[in-house]
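Pasting the structures in now, so scroll down.
Two complexes come next, and they have one chain in common, chain A, joined by chain B in the first and chain C in the second.
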Partner chain A sequence: MALDEQVCAVVSANLEKKIPVGRNTDLRKDVHLDSFGTMMIINGLEDAFSISIDDQDFRAVSSVGDIIEMLRTKYHVGG
Partner chain B sequence: MKLFEPVNIGSLCLKNRVVRSAAFEGMADPGGVPGAKYEAHYAGLAEKGMGLIITGFAYVGLDGKAMQPGQAGIDNDRSIPLFSRVTGSVHKNDCAIFLQIAHAGRQTVRAACGGRPVAPSGKRSWYFRCRPSPLTSREIERIISGFAGAARRARDAGFDGVQLHCAHGYLVHQFISPSINNRKDAYGIDRELGIGGYFLECVINKIRDACGNAFPLAVKISGDSDWRPGLTKTQFVNLIKLLDIAGVDAIEVSCGTMEQALNIFRVPAIPWDTILAYNPRYRVNNKALRGFSKLLAGAVHVPSLKKFSPAYNLHLARVAKEHTTVPVISVGGFRTGTQLHDTVESGSADLTGLCRPFICEPDFLLKVKEDPSYKSRCVNCSRCAIMCDSGNATRCYRIRSSYGA
Partner chain C sequence: MGTERFYDSLSIDKSAAFETGFNPYYRSVEAVYRTGALIDGESYIDCASNDYLGLAADPRVKDAMKKAIDTYGASLCGTPIASGYARLFTEIGKKLELFTGAGENVIFPSCYQANCALFQNIVGESDTILVDHYAHASLIQGIRLARCKVKPFKHNDMEHLERLLKSDGSTGRKWVVTESVFSTEGSIAPLDRIADLCEMYDAVPVVDDSHGIGVIGRNGRGILEEKNIRGFKGIYTASLGKALANAGGIIAGDPRLIDYMKYSCPGLIYSTALTPSSLAGIGAVLDIIEAEFPARSLRLRQNRAVVLKALKEAAFTCSDGESPIVSVICGSDTATFRCAREFFNRKIFTTAFVPPSVPPGEGLIRIIAGAKLGENEISTITAAIAETGKEING
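So, the complex of A and B:
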């Protein structure tokens, strides 16, 4: 599975309310992500990719696409 | 009294009456050394507005190390600089921190404590599947000194106080309990009090000798247990009076033992998937057999399970409050800001303690400050507690993603 698909699947699986998730999904406007949701997604990503994510890094992301780029550049996930 | 008013625990003034009660971290290395993750965990929590953080239990000696992987230890001076980093980070955020110190007694396994577990008596632990070695007087004195050494190290590392873990079936609780302690010496059950208080008194006195009376000393007790016979109300009151006379600085009232840990946490439904996948006592690697195991274990445990209700230990705190002027912390079942405010304003307890709501929402209290009726997202599934046995750092598992159950 491509990284984009994997990340979308993890984000979707960790939301309290199930909504379609794509690369352009905005974490605040579309998902209304709060501290609980953020923690769930970070946990899910850590499990899926066997990495440890710094909470500070996550503060800078605003969309699912940002998460994908963060994982690629900072955590070297997905080649 | 108001929730966001200051309160004193001994000489220490807390900025408000909300305590992050002890919650196991699973963030130390196999030698009990708290590393960067442990420090970051507490530094992050300290930003979230609570008056006091109480750490997860740290062992005072290797023979008292608990079964859960990743437990921190305060059994030697080498750990002082490492814990100093933790307290330094917490204090930057105007938050106080106590180290909870504990000896597991019979509630552990050989692999963790390095030999046969010890206890006041040789009575068998059903859950831990061990018949412990009864402690000799000399061994007891060594453990008492171990508690004092641990408290002294905590003070030297900059902790604002210590909490002595006398609850949940660990060693001090084992001495207190008439159903476990059948000793005939001074450490046995006091005929007048109906409980075994001498060991507890010795530990408190030794800590005072080591750290001085000004160093805040709190205790955590179980107002009831799963052992039968449990504490009667009279015995519970006698325990409170003993602690009052001993001059402790705060009493946190919980209930239960690790023998039936779900009665400490109270669950709406037993999370069998997680238990059968991760709990070392119930783990079934063959998924096909898990259904059968669930039926079997359910038949044994379900009848004795207590149901979750809001503030489920508050009745015990109220009893304690009637018999002491020492600040009483109630822990267990606080899930809304309203419950926190009501508890303090009604005088049912002086402080409120929470664990799981801070695991899934470290900023829970900041939300309560904005909205006094805010409701926690914690649904009491208690997977966070069950996963303490998994070797993973403690976190919320409310929404199952890929943790493999």
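So, the complex of A and C:
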């Protein structure tokens, strides 16, 4: 599965509500992410990719696309 | 950073209050009477208080408290480990033990304090706490103080919880933390299933029954009665300031836990004890619940049903919980404050929830139509709902 698809799947699996998730999904406006919601997604990504994510790196993230780029550039996931 | 710059940096976003011309917080209650409250010199029907059974102003409760003041004074002015342990602690503690079925207990000045004190006293850094996404702020603050790995699970989602329990490879202890009745939207946790999962995966369940004690269960005994759980092996906390109509909070469980907390918990032993008059009031409330719960519970549920029907007819979107809590989903902070203002202008006092108490963009108004409200008050509330609905929903 491509990185984009995997990340969208992890985000979707950790949301309370069933909404379509894509690169442009805004974590605040579309998902209403709170601190525990953020933690669920971080934990899900850590499990999915066997990495440990620094919470500080996630603070700059505002969309699913940002998550994908962060994983690619900072954590070298997905080649 | 200079001192002035430090104080300048402390700011609260009050834009919703400015936009709506209404701040729903810190309204000054001047008096409380049977069905309502005097606020800013005017009478309001009280749908904000957690006095579910309408006992906070009951003469029997007030008399018990006054007698205790005559005996003990205003406060024992000391920590329970030293000079602050009145005989009432033992007496009321035993009553609460029998009432809740949660085991021996220790009484704190508040449940917020109990929840904050609990985890930092017994959770190790290599432990993992799995916690419901919508757990109360006091549990979240307490969990943060524990400094261990935290894994939230989707609200009341037992499949997600089980996946997390199954995949957790940590070396320390596992804890599963939840509320019984979720305070913002009124859903009830499947604590029986949680207890089973904890048994299966060697985890310790922790439940905060603050909005369940005195409210749910056939006799009002809370979540353990509601879910028919006997011999609960976990840790139970609850507020004594909601249906039990007073102040204080308890941690209950295994006698070894309670003894340990009594002697080692900083949040207990370095704090002034709950006053004897509060304990006496709680005792009186427990006696009244034993005698009168069926009738009060029926009125509480009937009130909820009527209010919920009126809200739906007025085109409000409401929470879907099973408890007496009804919440009107508003969305933005401004929409939430506007809704609270419209109810307030019609003399209905409600509670507005905005972040961080709820996720961003999911503000809501909570309405608790307690058992003290009779037909006249409910009629006024439904009329106010209809008018507010026209104003807000068109």
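Quick note on the criterion: the second predicted complex is superposed on the first by the 79 of 79 C-alpha atoms of A that agree within 3 Å, B and C clash if a C-alpha of one lies under 4 Å from a C-alpha of the other, contacts with A are read in each partner's own complex, and residues count from 1 in each chain.
One rule holds for everything that comes next: a residue touches a chain if its C-beta (ideal position, glycine included) is under 8 Å from a C-beta of that chain, and two chains touch if they have at least 3 such contacts.
None of the values given here were measured: they were computed from a predicted structure.
If you put the two complexes together on chain A, you find that chain B and chain C bump into each other.
By the touch criterion stated above, A:D47 is placed in contact with chain B and with chain C alike.
Look at A:D55: by the touch rule set out above, it reaches chain B but stays clear of chain C. Residue contacts after overlaying the shared chain place A:F36 against chain B and chain C alike. In the superposition on chain A, A:V10 contacts chain B only, with no contact to chain C. Of the two partner chains placed by superposition, A:G22 touches none, neither chain B nor chain C.
Looking at the shared chain after the overlay, A:G65 reaches neither chain B nor chain C. Across the superposed pair, chain B and chain C both touch chain A at residues 14-16, 35-36, 39-40, 43, 47. Chain contact summary for the complex, chain A toward chain C: residues 14-16, 28-29, 32-37, 39-40, 43, 47. Contact residues on chain C toward chain A in their complex (touch as defined above): 131, 133, 135, 140, 150-155, 167, 355-356, 358-362. Interface of chain A with chain B (complex): residues 10, 13-16, 35-36, 39-40, 43-44, 47-48, 55.
Interface residues of chain B facing chain A in the complex, by the touch rule stated above, are 44, 360-363, 377, 395-399, 401-403.
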